[in-house]
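Two complexes come next, and they have one chain in common, chain A, joined by chain B in the first and chain C in the second.
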Partner chain A sequence: MTGARLRIFLPPIALLGVLLLLPAFGIQPNAVRLLFVTFVWMTASIAWNLLGGFAGQVSFGFAVFYGVGAYAAAILIDGGRLNPYLALVAAGMTAAIASVLIGLPTFRLRGPYFAIATIGVSETVRVVATNLEFTGGASGYRITEPRPFNQAEHYYTALIVAALAFAVSLFISRHKFGLGLIAINQDEDAAADTGVNPFVYKLKAHAVAAFLTGVAGGVFARYAAFIHPNGVFGFPISVQILLMPVIGGLGTVWGPVIGGVVIGVIEEEIVAYFPQVHLLIYGLLLIVIVLFEPGGILGAIRRLQRWVRRIRDRQAGKRTADARSKKPDEVLWGAGSGPGR
Partner chain B sequence: MLEVRNLTKFFGGLAAVRDVSFEVRRGQIFGFIGPNGAGKTTLFNMIAGTYKPTSGQVLSCGRNITGYPSFRLVHEGIARTHQVVRPFRAMTVLDNVRVGAHFGRQGGDHKSAADRAMDALREVGLHHLTDSSAHVLSVGNQKKLEVARALATDPELLLCDEICGGLTRAETDAMLDLLRQIRDRGTTIMYVEHDVRAITAVCDRILVLNYGKKLSEGTPNEIQLDPAVIEAYLGAAPKGWNGKEVSEGTPEKVQNDPADIETYPGASAPRAKTGTDDE
Partner chain C sequence: MTLVDFANLLVAAVLLAGIYAVMSVGMTVIYGVMKIVNLAHAGFMMLGAYFAMELFERLHLDPIVAALAVFPIMAIVGIAVYYLLVRWLPQSDKPTLPSLLLMFGLWLVLQNLGYVIWGNEDRSIFTPRTFDVIHAGPIILPTIRVYVFAAGAGCVLLLEALLNWTWFGRALRALVQNRYAGQIVGVDDQKIASLTFGLGIGFAGLAGALLASLYSFNPDFGRPFLIRAFVIIVLGGLESVSGVAIGALVLALVESFAIIWLPAGYQLAVSFGLLVVVLIVLPGGIASLIGRVRRLA
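Moving on to the complex of A and B:
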């Protein structure tokens, strides 16, 4: 039992430890920036996966929460002179409130109808934000902080937020809440017949996801010091947030983390040198995943592991055990048996 | 404990259930029979909250619970199984049942809910398959999983819709023993089945539905002797599809005649098992 716990909790804690110590070893500002961006994306990725991966409710509207969080943080810090960390919490809460307002009508819809509705809501919000006075309209919003810019502070903020998102995701996957979400994902009516209130559960997952995404938007706004509606509320943001868990491994704890790293690297390293090429890469990645490996990168790794094990077992003359049964840590790593076993 | 008054459900112009009333007493196994499309599942769907009735009332211990959503009825102590099994396919057998334990009438924390899930699995005899994915189970075991998941919600009233369809005779008998056992430890049961032998063997009281209407109600003996029932339901059995008489006798004799079992659709002839067990 403790061995299983160790396998679950040790890797993320070790990883967090390394990332906390990293700046002390004097890494390049460019690398810090890459990691910062990756943490911000990863947070949104983990958040989206709570609703889209666990509960199976595919939303194309997470730019709303990212944008609302970015603007709420920006206005509170710049105009309201609020402590930036309080402002980030407020940004998350504003996004969570927005998620309830959006969820109340849209969660009456199912499957593709829900997905389409979120596109409509998201575009509406973008157009409204472009025309609002107090947000600066289409020309954007500039954030000036009294304190001087400190890259390490931003790095740690983003890291802690991502770690928090991961902890929330891991907690949910191991408790009643996650079980209810997965039941809804599998069969919403059967879940209701078993005592789950699907509507309320979806609203809750939506709110938690929106909170985290809103905080991520706020963290980014503070760093960028300038935001505009077509950036933070743009449809490409929604698509990228959705792509990360899909690329990494939908409905798992580690999948959205891996997807966040992939998108972070693509955004920072490739977009800078080859603008627009990233769209082609996303398209290709998506086609490959949909056609060949619905489990994403984690799914591919698991497949590879099984393949290697089968060859090894065959050489050893053993009969391969059927991998039908689900091990408890499947939700961490995707289908198959535990890592390194 | 459950009273149904003039319950009616229209799908467009079609009355799937029309003006049906009855009362289920605590500790009973209350059976429902009727030909395909008679409205049995629709009746269950209204009682369990899947459909809202067009008119009529459902009362639980005198309280009006008509039109409650299904999850709320689970918390009121009314759970159901599905005629066409609906397991959470990608979950393990244990996790399927844990959903019931966590979200049922007792709810509760992790450990005790997991224990209750194991109890339910043991009761239906699936405890050796806890780690299997639900979708690799045989039809028979998926039916048991339906029962276990509903049982884990700790119901006072359990609605079982054709839990023996597709089972062999021996499996059916085991399932009937399970129903008796569940009843004997205090859960009231409403039970739909096509298999007249199974229904008469296990039920304290039976209601016969035909074209959405209540045709008859009584003890198994009364039902079998009711001319209207023999005419509409059992009466179809002695004649084969070609119109020739296959056999004749008391309902009891006719039901057990292999020739009839073969001819009469939905009777207790053992059907082929599909799927494989992961044992």
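Moving on to the complex of A and C:
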């Protein structure tokens, strides 16, 4: 592998290796649970970023796919007695089908209008799911599996799903499809003129994102063994999924991963002590990020790096700015918040 | 369905349309001038509802008077929010992602401040009048709804007059048409934008306060109404107060008559279904339909 490729592929593979080996060293069950939850969130975060980050189509309705995935997995495992892993794939497919059904009308709307329509979708789906028979209605759905509960199995399932999501995100960011999505984000009409069909691209990105989110929902449902419509279809789920990539760095490969870790830790450590105010914290975070650092954590790091470099250059008496191209890294780590963004 | 039932439903729909127009018109003016889709609208509606409740409980104001008093309070809140937050957003003649996320964050903050201040139980405003009705022949009118309609429709008409006959209204409409051209001819866009934001938030608060005397509410109040407001705006087009009024009437009619076939739990699904139908059949809203008919004639 050449140097550039090594820089792209080595960190995720090394991280995956460490995480795969971690349970062998006997960490505490509570830490395993924290990591599990983080992986589930991270998967949804990476998925959301495909549509919301790369293509710039903000959706407030990803709880729909999370919930559909959770319910599909639950019903197939509990009622259908299907192999859990097949059920997870089926859950993803169901969510992807749902995404196409939702996307066909709503992608006629652009940008912010699409965003508001997705609030409508998620509200509607939640209301319908609460009133339906086979979801157990508002009282919820219990999943019983023939095999005993094994925490390590859930850990590895969530880890593999998150790794797959990352791989998909990395793949898309490096191929024509991803470039098309970024073009749509920058200027939809110009993208259409260069041969990108925005409607089809958005539908595809939506479907891939929904598939991953649905699988994440299924993984969570298996672990929790009990789901109810106001939980998995709830608005806070959509909020959280949207917030992770924004915190980490919108439209980058690593941003949603970092955001997933941040929210996973906030969710588990802070919310446990202040259950009332977690959405308040999220709201404040969102306002602060939008006003002060639209690039999220990665943007802040970039800014810090530039700042340090500028000071160092000044001390060394250099006057020229760093002219080296950062192009291959930009999509991975974000380009900061220059005037072009 | 007898003719009397039909008439009753029709009247109920028109009364509902009044309040729908009040809540949508605030979103429309803010969008028009700043091209910001105000997702925090629901949060301001919630604040308006609680302010009205506080005025009613502490100062024993009549709920309708309290609602009208909420308008200036919320307008000041809106202007403050404009100078604190909205002003720093990058300007654009299209809705931008940062503006959407900012307003969304603001909504979360408002909603959860509501939980912190007022708790999460459902509240409502009850007066001796709450269950009064007026009999107009065979048609039955709940009194409070008539008052709410009158207050709401009056304010919307006042807004229309303001937009048409004052310098502020002309400046506002100029910015709606073209922000840069407006600046060139001497409109202070910062000032007008801040006043517009106050006006929009004032209407949000008024809508919330008026709704508070019809329905019970909690800090999560307003989310279903945000979606309805959006449907109305898509239906009516984003330009005009009359468009909003027509959109509100259409949505109210569809919702009221859907109750005949659908359980009440699905009411929100009706408004969303209507949105989908409109987007597929006439993406330009009712205005484009009227335009098309006119072109044919």
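Here, the second predicted complex is superposed on the first by the 328 of 341 C-alpha atoms of A that agree within 3 Å, B and C clash if a C-alpha of one lies under 4 Å from a C-alpha of the other, contacts with A are read in each partner's own complex, and residues count from 1 in each chain.
As a working rule, contacts are C-beta pairs under 8 Å (C-beta built on N, C-alpha and C of every residue); 3 or more make two chains touch, one makes a residue touch a chain.
Just so you know, these numbers come straight off a predicted model, no measurement behind them.
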Fit-or-clash call for chain B and chain C when the two complexes are aligned on chain A: fit
From chain A, separation angle of chain B and chain C (C-alpha centres, steps of 10 degrees): 70
Which of chain B and chain C A:Val89 touches, first, second, both or neither: neither
Contacts of A:Val32 with chain B and chain C, given as first, second, both or neither: neither
Which superposed partner A:Glu123 touches (first chain B, second chain C, both, neither): second
Partner chain(s) touched by A:Gly56 [first = chain B, second = chain C, both, neither]: second
Which partner reaches more residues of chain A (counting touched residues only), chain B or chain C: C
Which of chain B and chain C A:Pro105 touches, first, second, both or neither: second
Chain B versus chain C as contact partner of A:Val239, first or second or both or neither: second
Which of chain B and chain C A:Gly283 touches, first, second, both or neither: second
Smallest separation of CA atoms, chain C relative to chain B, angstrom: 7
Footprint overlap on chain A, comparing chain B with chain C: none
Residues of chain A defined as touching chain B within the complex: 175-176, 179-180, 182-183, 186-187, 189-198, 322, 324-327
Chain B residues within the chain A interface of the complex: 48-50, 69-72, 74-75, 79-80, 82, 86-92, 95, 98-100, 102-105, 107, 110, 113, 131-133, 136, 149-150, 153, 278
In the complex, chain A residues that touch chain C: 56, 58, 60, 105-106, 108-109, 111-113, 115-117, 119-121, 123-124, 127-128, 130-131, 235, 239, 246, 250, 276-277, 279-280, 282-287, 289-291, 294
For the chain C and chain A complex, residues of the former touching the latter: 37, 39, 85, 88-89, 94-102, 104-113, 115-116, 223-224, 226-227, 230-231, 234, 263, 265-266, 268-269, 271-273, 275-276, 279-280, 283
